[in-house]
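The letters A, B, C and D name the chains in turn, as written, and every chain counts its residues from 1.
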Amino acid sequence: MKTRYKLAGMLTALLLVVVGIFSLSSNVSAAGEGKITGTVKLTGTPPHAKTIDMSKDPVCQKAHAGDPAKVETVVAGADGGLANVVVYISEGYSGGATAATNPVSIDQKGCMYQPHVVAVDVNQPMKVVNSDQTTHNIHPLPAPGAGNTGWNKSQPPGSAPFDVTWKAEEIAIPVKCNIHPWMHGYIAVVKGPYGTSDDKGSYTIDNVPPGSYTLTAWQEDLGKQTAKVTVAAGKPGTADFTFKAK
Amino acid sequence: MATTVHEPPRVEPRRPPDGSSSGNGGWRNLTPSGGARVVMDPGSSPTSRTGIWVGLAGITMTFAAFTSALIVRHGGASDWRHLSLPPILFVNTAFLLGSSVTLEMARRKVAAFARGLSPSKSPSLGWLYLTLGLGLAFVGGQYAAWVQLKSQGLYLATNPSSSFFYVLTAAHVLHVLGGLGGLVLVITRLSRRIPTLRRSTLDTASYYWHFMDVLWMYLLWLLWMKL
Amino acid sequence: MRRAFAATSHFKGQIIMAKIFAVTIILIAIGSAIPILRHTWVAPPDISTHGAQIDEQMSETMAEAGISFLAAQIILALFIWRYSSRRKDEKIRTFPGGATGLVAAAVILVGLEVMALGAFGVKAWAKVYFTPPGPNAMPVQAQAGQFAFYFRYPGPDGKFGPIHPDKIDEGTQNFYGLDTSNDPDAKDDVVTAELGVPVNREIHLLMHSKDLGHSFYVRELRVQQDFVPGLDVSLHFTATKTGKYEIVCTQLCGLGHYNMKAYLDVMSQEDFDKWMKEQAANQ
Amino acid sequence: MHDMSAQAVHHHAPPTGFIRKYVFSLDHKVIGKQYYGLALLAVFIGMVLSWLMRIHLGWTNAAIPGLQWLSSSGAPGGVMTPEYYLELMTMHGTLMVFFVLTTAPFAAFGNYFLPIQVGAEDMPFPHFNMMSFWVTFVAFCVTVSSFFVGDGPPLAGWTSYAPLSAVGAVAGPGQGTGQVLWAAGIAIFCVGQLLGSLNFISTTLDMRCKGMSLWRLPLTAWAWFITSLMGLTAFAVLMPACILLILDHVAGTSFFVASNLVINDQLQPHSGGSTLLWQHLFWFFGHPEVYIAIVPGMGVVSHVLISAMRRPMLSHRVLIYSMLALAFLSYMVYGHHMFVSGMNPISSVAFSFPTLAITIPSTIIVLIWIGSLYGSRLRINSASLFALGFVSMFVSGGVSGFFLAQPSLDIMLHATYFVVGHFHLVMAVAAIFGIFAGTYYWFPKVTGRMMNETLGKVHFWFSFVGAYCIFMPFHYLGMAGNVRRYSAFVDDFMQPLIPVHKFITIAALVTGAAQFIFLYNLIYSRFKGAPAPQNPWEATSLEWTIPSPPPFDNFGGKLPVVYHDPYQYGVESSTGDYVMQDSPEKIQSVRDEA
């Protein structure tokens, strides 16, 4: 019991550090280079999000006591902002992988993936964290032939996070936990700078050298949209996207 | 419990009077280490006879298992598609049956040669080579049958019927190759300047070969009925 | 002289060890029987209509096995105690009746009795497997998959919609691969993570495996049955006591096997109707 | 065909080169020792695996120091993952059942002593004999190599039920390459055992010396003969099953994999396979395998007990008939492993009665053992202690069979720790006690040195009490419904049982540690043990008529002639209270035949 608390503490600390590094470094780099900002909106009525029955695993159920978790296929904010949309440069970017070293992290928390969609650069380390007091097995299923190899690892409660990287661009790799079959997320492996929309629908892509690009916004259920954008030195480009609810 | 001495049963000693060894080295050979040709032993050694029958029993069990697998799989199958056997199988069957006949001829010639009735061993060798040839023809024919199926787009995983066809025929061909090995051994032993072929080797090799024959007939029937 | 002494002392040592051995066997035999007699670890009370016979069969078998076990161990121990201390000059004696008596004992006492036991046991088995479900048994489909059970109720129309394996998507909670937009039967199907059943109502459980071999085991219900991929087996039972009971998987199905479970929720009819409404609302 | 005749081994002088003498030896004695060595290696690996499993079951989220170096992915930071637990479990079962319980009592002891006990210089087909070991060794390497590939060993258990074992890596870590290596290893193992059985059968039938009628064979020889008959039939069925499994796995066939299986939301390409087919084929092998493991133990134990009791068994022939009955019935009962598998419930009943009937021969055997103790002059030494321990264990494990033979009770007990307790006592522990008894009994003959009795007895006491402490509680757990093959106990109703698991774990650690006493005794006595006389136990069978260790050709070129039944004890003779099988001396019985 005692060790559990210790480990949990350790983990949260680690998590904070990770997040800290992430935000910090992005700010720093943002100063020098141009960036792209914008918002992603959803028109029409968002689909009914089923609640998830986690009674199978009491640990999970406790984590959501009161407000049961909902399916995160389409998450739209009050003002129509669409979350979990990955925006990346699909044309015009020549820099190749930005060789970002700041790790993104995918956390198994409350028997859900946080974030539900994680975008990561090719070869950028991705930290896999388990904050739950139950064992998860994290099981990404890349498309065969896309250049990434799948794996399937369990993370017992309190076991240390581990880093993984992805070799090839792939949008997006579904990731599952078989022990908790409802757990489902995506890993979008992109080449070059990228951004992910928050629950207000707004996103930011940092480290974009000046130039004109084609942006692609990808949503797991509603598909892809593209937009042209130009970035000049010191003047951030903007591009908004609007998805139509099915 | 036994309270008196039981005299040991009068069993024929299965080794030379000098009681040297159970290995019965030269005395059952065409030619003992001495080199003087002797009359061939009337029967092959009991051990080798037991051995071959036990071996054949094992092989039978294996194919019995394959058979029951086939029957169970066929019984519950919704996806079973009938497979018409490639006609070349019947040619191969003829080859195999023929090889059994020639092998028996060969054994006669060997016996005659061993008893000194026939001066030369070349007729026996001739028949043995013929048997070997027919055996190889069978293997080749089976390969041809696979090629035919392949050309019809029937691969190992296409349908349970084709799966079983490939598995059973392949398993049988593997055993036949073993038989061919036996024949080669017999031929080499016999064709030495001073033949060192043992009766038991010849017998076991031919028992095995005939069994391959019988087994094939059975498999053919099974495939014919079930696929 | 010294050798003789050594021999005798060695012999004494043997006798002592033999007697300790005999005592140990008896202690172990009795020790192992105690938790059984005191019912320290037993299956929970039965909540099914068919379970009573199984329990009865269990206790009869336990009595017989226990007696055979204790008898054999204790006699073994006594013989070791007694005959390890006999000296060279003592005559070898033969068990009265010799082998024949023992063979007869084995066949009659143990053999026939065990066979008889088995014959009675068939009754309990038949009660579970040889009686068809009643006409108004409530059909529920249970689906096992890595590593959770999901249950499906046919809804008002009483019909289960067809399963489309290619449509199965656990991420969107479509565990059965239902096509609610095109299949009218599937529209009102209710899929749940718990097996909710009304008390004293016969349930006809249609068992379907999504992927691999699994098993459905509820101790209180005295029910265990494997899910067979490609072959839908069915099972029927009646729960007679309300409460929550654990359903666990007993067929090794992969890394999450140990955590493959669900709850059987036996409710009063009205609670069940209420529960069913809630579940139907969230489809 | 390979050279099928008993040519040549001892016809020439004994081999001189190291390779021919110790590695690729044709000498049945060397091959026997090689088998024993392999079993020893396998049993200690298997034991360590079981330790790790037990620790994990007692203290699930505790880090086992150093485990992360054994497998960084399997035990991140030393905390065992569920898949790693199942992988260890699979390998524990596989190593123990195939490479210990089959090789040690059957292949190892049998190879060494069967030819000697029938009065032959060697097996009839020495080359097959050599191949049999080396093929088995290759099988061992292939099976163990799964530890070192991609995701490690398979997690499907030693029964490797399809479709879990047949659909590939998608079903979980270890189900890719690891599972294929497992199936290949087992298929190869079958080949090795088939070659062995072939030799055993021909040896028993054809290599008996003058006067050695079948009824004059010692019970050990009979046990090995019966076992080889089972081996011939059982392994010949498992091999094709493994081949079909491999094809399903790598070639996309559908022998065992049904249609429309959806794993990880991916529709599997297979169609129409029969899930139960694998279980039928596997258990048709699997149940005889249980008797392949235990019957040689019965033979060894009878052999050891007789010379310890200074009297023959009450009936030599009844014991033999009973063992034959066991072997015969073992083919008609395999279905009791499948009562709740979805098999037709009628056949469950049909399978249940032969299973219950098996209690009759088993009971006869036990009663003969116990009844023979009556009026004997029992000698207590390490060998006889282990033999008596075997009897006790066999009884304890046997009675739980009353439950599992009945489908109605199997509903409650199937796949619970009750089953684990049952087969560990009756098959694993009993068989291993048989191996120990045989080792303490024959070690002087094999090495020419005595084993240390004191260490032997210490080893016995730890093993006997320890085994009960470990495996008796399993039955209680099972009756409370504790499911087996769980890597952790998360269900509410299992929480109160965890203390029992902790107790078992501690018992297992202690008992396991005590086995190193045996290992030490084995190695120490091999080099420093007291020199052994030719016949230290004053026993009667042929192996005691020749020097210890036996010469290269066993009987010094002169084959024995047998005059007596194998066990002439409790008589008056020039040698004492026993008469060797090959001595022509007349026997005055001083036993009062009731």
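Here, contacts are C-beta pairs under 8 Å (C-beta built on N, C-alpha and C of every residue); 3 or more make two chains touch, one makes a residue touch a chain.
Keep in mind the model is a prediction, meaning the values are calculated, not measured.
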With centres defined as the mean of C-alpha atoms, identify the chain lying farthest from subunit C.
B
Just give me the whole-number Å value for how far the CA centre of subunit A lies from that of subunit D.
54
When the C-alpha atoms of subunit A and subunit C are each averaged to a single point, how far apart are the two points in Å?
45
Taking each chain's centre as the mean of its CA atoms, subunit B sits from subunit C at a distance in Å of 50
Note: subunit B sits from subunit A at a C-alpha centroid distance in Å of 66
Taking each residue of subunit A in turn, which ones touch at least two of the other chains?
57, 134-135, 137, 152, 154, 174, 176, 178
Multi-chain contacts in subunit D: which residues touch at least two other chains?
81-83, 172-173, 259, 264-265, 272-274, 276, 488, 490, 591, 593
Touching at least 2 other chains, the residues of subunit C are 145-146, 170-171, 231, 254-256, 259, 261
What are the touching chain pairs in this one?
A-C, A-D, B-D, C-D
Touching residues on subunit D, where the partner in the complex is subunit A
61-62, 73, 76-77, 79-83, 151, 169, 172-173, 264-266, 488, 490
Under the touch definition given earlier, write down the residues of subunit D that touch subunit B in their complex.
1-11, 120-122, 124-125, 194, 197-198, 201-202, 205-207, 210-211, 213, 232-233, 236-237, 239-241, 243-244, 247, 251-255, 259, 271-274, 276-277, 280-281, 284, 312, 553, 557-559, 561-565, 567-568, 584-589, 591, 593
Subunit D-facing residues of subunit A, complex:
3-4, 57, 134-135, 137, 139, 141, 152-160, 162, 174, 176, 178
Provide the residue numbers of subunit D that touch subunit C in the complex, in ascending order.
81-83, 86, 155-157, 161-164, 167, 171-173, 175, 257-265, 267-268, 272-276, 309-311, 314-315, 318, 340-342, 345, 348-349, 352-353, 356-357, 359-360, 363-364, 366-368, 370-381, 385, 388, 391-392, 395-396, 399-400, 402-403, 405-412, 414-416, 457, 464-465, 468, 472, 476-477, 479-481, 483-493, 497, 500, 569-570, 577, 590-594
What residues of subunit A sit close enough to touch subunit C in their complex?
50-57, 71, 73, 134-135, 137, 152, 154, 174, 176, 178-182, 184
